[in-house]
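My structure is below; once you've seen it, I'll send some questions.
Residue numbering begins at 1 within each chain, and the chains themselves are lettered A, B, C and D in the order written.
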Amino acid sequence: MRLQIDVALDYHFPQPAEVLLAVEVAQLPDQRLIEDRLTVDGAAGPLTPVAGEDGIGRRTWLHASGRLQAAYRATVELRRPLCPIDNLPICPLAELPSEAIAYLWPSRYCQSDQFETFVDRRFGDLAGGAKLLAMRDWIHDELEYAPGSSDTTTTAADAFVARAGVCRDYAHLLASFARAAGVPARLTSAYALGLKPPDFHAVIEVWLDGAWHILDATGLAPAEGVVRICVGRDATDIAFMTIFGSAVMNSQSVTVTRL
Amino acid sequence: MRLQIDVALDYHFPQPAEVLLAVEVAQLPDQRLIEDRLTVDGAAGPLTPVAGEDGIGRRTWLHASGRLQAAYRATVELRRPLCPIDNLPICPLAELPSEAIAYLWPSRYCQSDQFETFVDRRFGDLAGGAKLLAMRDWIHDELEYAPGSSDTTTTAADAFVARAGVCRDYAHLLASFARAAGVPARLTSAYALGLKPPDFHAVIEVWLDGAWHILDATGLAPAEGVVRICVGRDATDIAFMTIFGSAVMNSQSVTVTRL
Amino acid sequence: MRLQIDVALDYHFPQPAEVLLAVEVAQLPDQRLIEDRLTVDGAAGPLTPVAGEDGIGRRTWLHASGRLQAAYRATVELRRPLCPIDNLPICPLAELPSEAIAYLWPSRYCQSDQFETFVDRRFGDLAGGAKLLAMRDWIHDELEYAPGSSDTTTTAADAFVARAGVCRDYAHLLASFARAAGVPARLTSAYALGLKPPDFHAVIEVWLDGAWHILDATGLAPAEGVVRICVGRDATDIAFMTIFGSAVMNSQSVTVTRL
Amino acid sequence: MRLQIDVALDYHFPQPAEVLLAVEVAQLPDQRLIEDRLTVDGAAGPLTPVAGEDGIGRRTWLHASGRLQAAYRATVELRRPLCPIDNLPICPLAELPSEAIAYLWPSRYCQSDQFETFVDRRFGDLAGGAKLLAMRDWIHDELEYAPGSSDTTTTAADAFVARAGVCRDYAHLLASFARAAGVPARLTSAYALGLKPPDFHAVIEVWLDGAWHILDATGLAPAEGVVRICVGRDATDIAFMTIFGSAVMNSQSVTVTRL
């Protein structure tokens, strides 16, 4: 299916600041970027592109001062074959490629080492992709999706205790469970068809049977309509905008339309 | 029943240090202290007694330097009527006495405010003492009693995530659940008949129907044989020995015998 | 000097909730409460008074539903003799009264045990009240008073790292330093003449030479014009309003006037 | 100069476990690995090599059960030109290569975002490499090198508060300061000539003027004799042995000899 994505960002920077934007759709086999355009009003100097983490996607440095208006439009062809992961095997640790190993480690917001006993007790009898699906379902059932219940400092452990969060918290917790079971898991920022209200979304990808597979514990949008932006260890790596300074949001919108 | 308690502490203090011992059995209606004696070898200067938190029990200041050997022996008559708490009502907040209110608040190791959603979802349908018993049973079932799995910095939230701990962690978690449900809960250090291996124990007391009631999520010792030492908000308040400096333990033993 | 205090609180409670108000001026030797009146519109049922922590001050339980408007007016005569604390001795631990001991312990927002090395290195050469004044001045110089830089979860350690905070953070950090040096320190909520903008204030009291002495690291208001409301281990204990449920503030004002 | 490195590890694995060893010297322009050999007794099945993070160095997967004895010997020629970094410029953010950007982010043990105010107040007047050297010296002066004062859960913020730590804590804090100033900084595990007692060491590398430069806030070993093993965001990434299970150390030794 073909999707059009439109992003409009309108921010005010009281002092000059460097900004790293990560809003551009990644060019990947299952999501072919047909065309896209990022335009920025209010940036001083050039826009500097730089590859995303793991070479996935692209980010853009810009220098902001005063009002900054950025618009991004992309057309993308999604060809994501439906692949049920229930029966996919978990990769033996010693066969993991180097780039997957970093996604085994606990990270700031995914303290997977603390969840080992819980994960073993709750999901230890399951194997392969079915174990990951059970984790996803457990999180979906046990957490309340509650905007405002968490902030940028909330960790997976915090969300596990609070039983509430938003997409980033669901993703952190699912990634923590996966890593605690020896399955590499990375956070992925994305656009998602059907997400209500439309916004930047966060899902995870788990390494099963030699490839990354998308999982979304929120259940807010089907995996078929997910368009990946960039990947990383946790929310810090995949922020759509990292500001080296401070800014105030005037408005912001994301639209995903099926063409 | 009548119990005899024997404690022997043997510590080495490389530098002079102030020490607050809290090992003496509290004189309370349901545990009548018949006689006790604390003797200390190696303390410089006098032993200074001071009342425990909430006026319960007694602590002793001493000045240690080099080797310190303390022995405590107590004979206590326990007359704790079996009181099933299932049907005891939870006290309306506005009727709580002043001294119970402090035990509603989250504390360093009992972050009860973080557990409100979980407690409401899991135990919200229950009322009165039955709710507290369900909390106790949940903790007993979901946690592994695992010496070495926690340390003095472990919080209730940590234990909830790790699903493991020792008596202090069980007590912190149960107190957190109770407070999250609006029930005052305090930590209580105790001796316990039948505890294996014998050691200082930690339980909690909850305020139900106008009185404090002992609860022990570890299930390691029956409430009838619990002899309280002192009470407080969490483990910090009820340490059997607080050292203002550093020390090395040579040996330590606790014995509880039925006479 | 004689002060008049006026507080107006206007809140909305979407669901019925229990509320503990702690806004009433404490009757104390150095602050004689001449008259005061708390009126509440919108409370269902009676107002239930209950003593504050340590028997200092008074709190009021009320049951709120929908809009709640509370007004408090007090006239208080302050007779706080100027008492320079520079030369007051620190009380030997073994001579502390029982009620001061709890204020030696680390608490949730005052992790004094973590500051022992820093406090010893920075202030170890000082003695008596001069040590406490040096702590106060260090905090005043090293932290930025920055509304919005902290929230209700910010600890003394957080503020020490961030080098920013508001009155509650200054108080938490100063109490942590004091406790790390073996000096009991409690948080105190207060009204303060000259505070700009006028608001509820937080200061600390340290136990020196057998009495509590007010210290305020913010420097925002002179100690002579501080009117204490209630005391506790940290911010949790001294909140002017604790809501067992949720509420939205419509407006709130505090005025302190010299008569 | 030419160094010989010898490592001997003797561990017991009560249950079979996967192990990732990261002890092998990285082949890099300034440290030419002449020959090395890793031998393992007690591993079931093959040793599986895998590249280190960022393609630097090499790690080895092995399957352990019962006793595991590993020996590693390497000969390495160090040609690290003395390069004073005082005057090296800090790279503008928009000119950072993709692989350096991840080392700008806060990580689990390096919460650089929390240190921004402190770093700006203390080091904000300095520029270029001189700023980094001032950070290194500040940490050296303000922290006590104290084995046992920290554990594997200690963060940079913890060490900053406690004013104590070991090499990993010094490295975490220095990396946090650097990142807070917009300078990419990574943790680096290393062997170090002259380190007493000899052990695995942790230093950091900062990105200045288009290259990574070694910094060591402990002052325990000169940078000229540092032999890098692998790199990462913080201690998790660079552990010399990551055990997916549990083990007991029988003995362990590291020797670095100048040939």
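The rule is simple: contacts are C-beta pairs under 8 Å (C-beta built on N, C-alpha and C of every residue); 3 or more make two chains touch, one makes a residue touch a chain.
Note that the structure is predicted; figures quoted are calculated from it, not measured.
Visitor: Mind listing the chains that sit against chain C and also against chain D?
Guide: For chain C paired with chain D, there are no chains in contact with each.
Visitor: Can you compute the centre-to-centre distance for chain B and chain C, using the mean CA position of each chain? Integer Å is fine.
Guide: Comparing mean C-alpha positions, chain C is 29 Å from chain B.
Visitor: Taking each chain's centre as the mean position of its Cα atoms, how many Å separate chain A from chain C?
Guide: 42
Visitor: Residues of chain B that touch two or more other chains: which are they?
Guide: 111, in rising order.
Visitor: Mapping chain-to-chain touches, which pattern fits: line, ring, star, complete or other?
Guide: Drawn as a graph, the chains make one closed cycle, so a ring.
Visitor: Among all the chains shown, which pairs meet the touch rule set out at the top?
Guide: All touching pairs, sorted by chain label, are A-B, A-D, B-C, C-D.
Visitor: Under the definition above, what is the set of chain C residues touching chain B in their complex?
Guide: 18, 20, 48, 50-53, 55, 59, 61-63, 93-98, 101-102, 105-108, 111, 182, 232-233, 236-237, 244
Visitor: Which of the residues in chain A come into contact with chain B in the complex?
Guide: Touching chain B from chain A are residues 111, 114-115, 117-118, 121, 142, 144, 157-158, 160-164.
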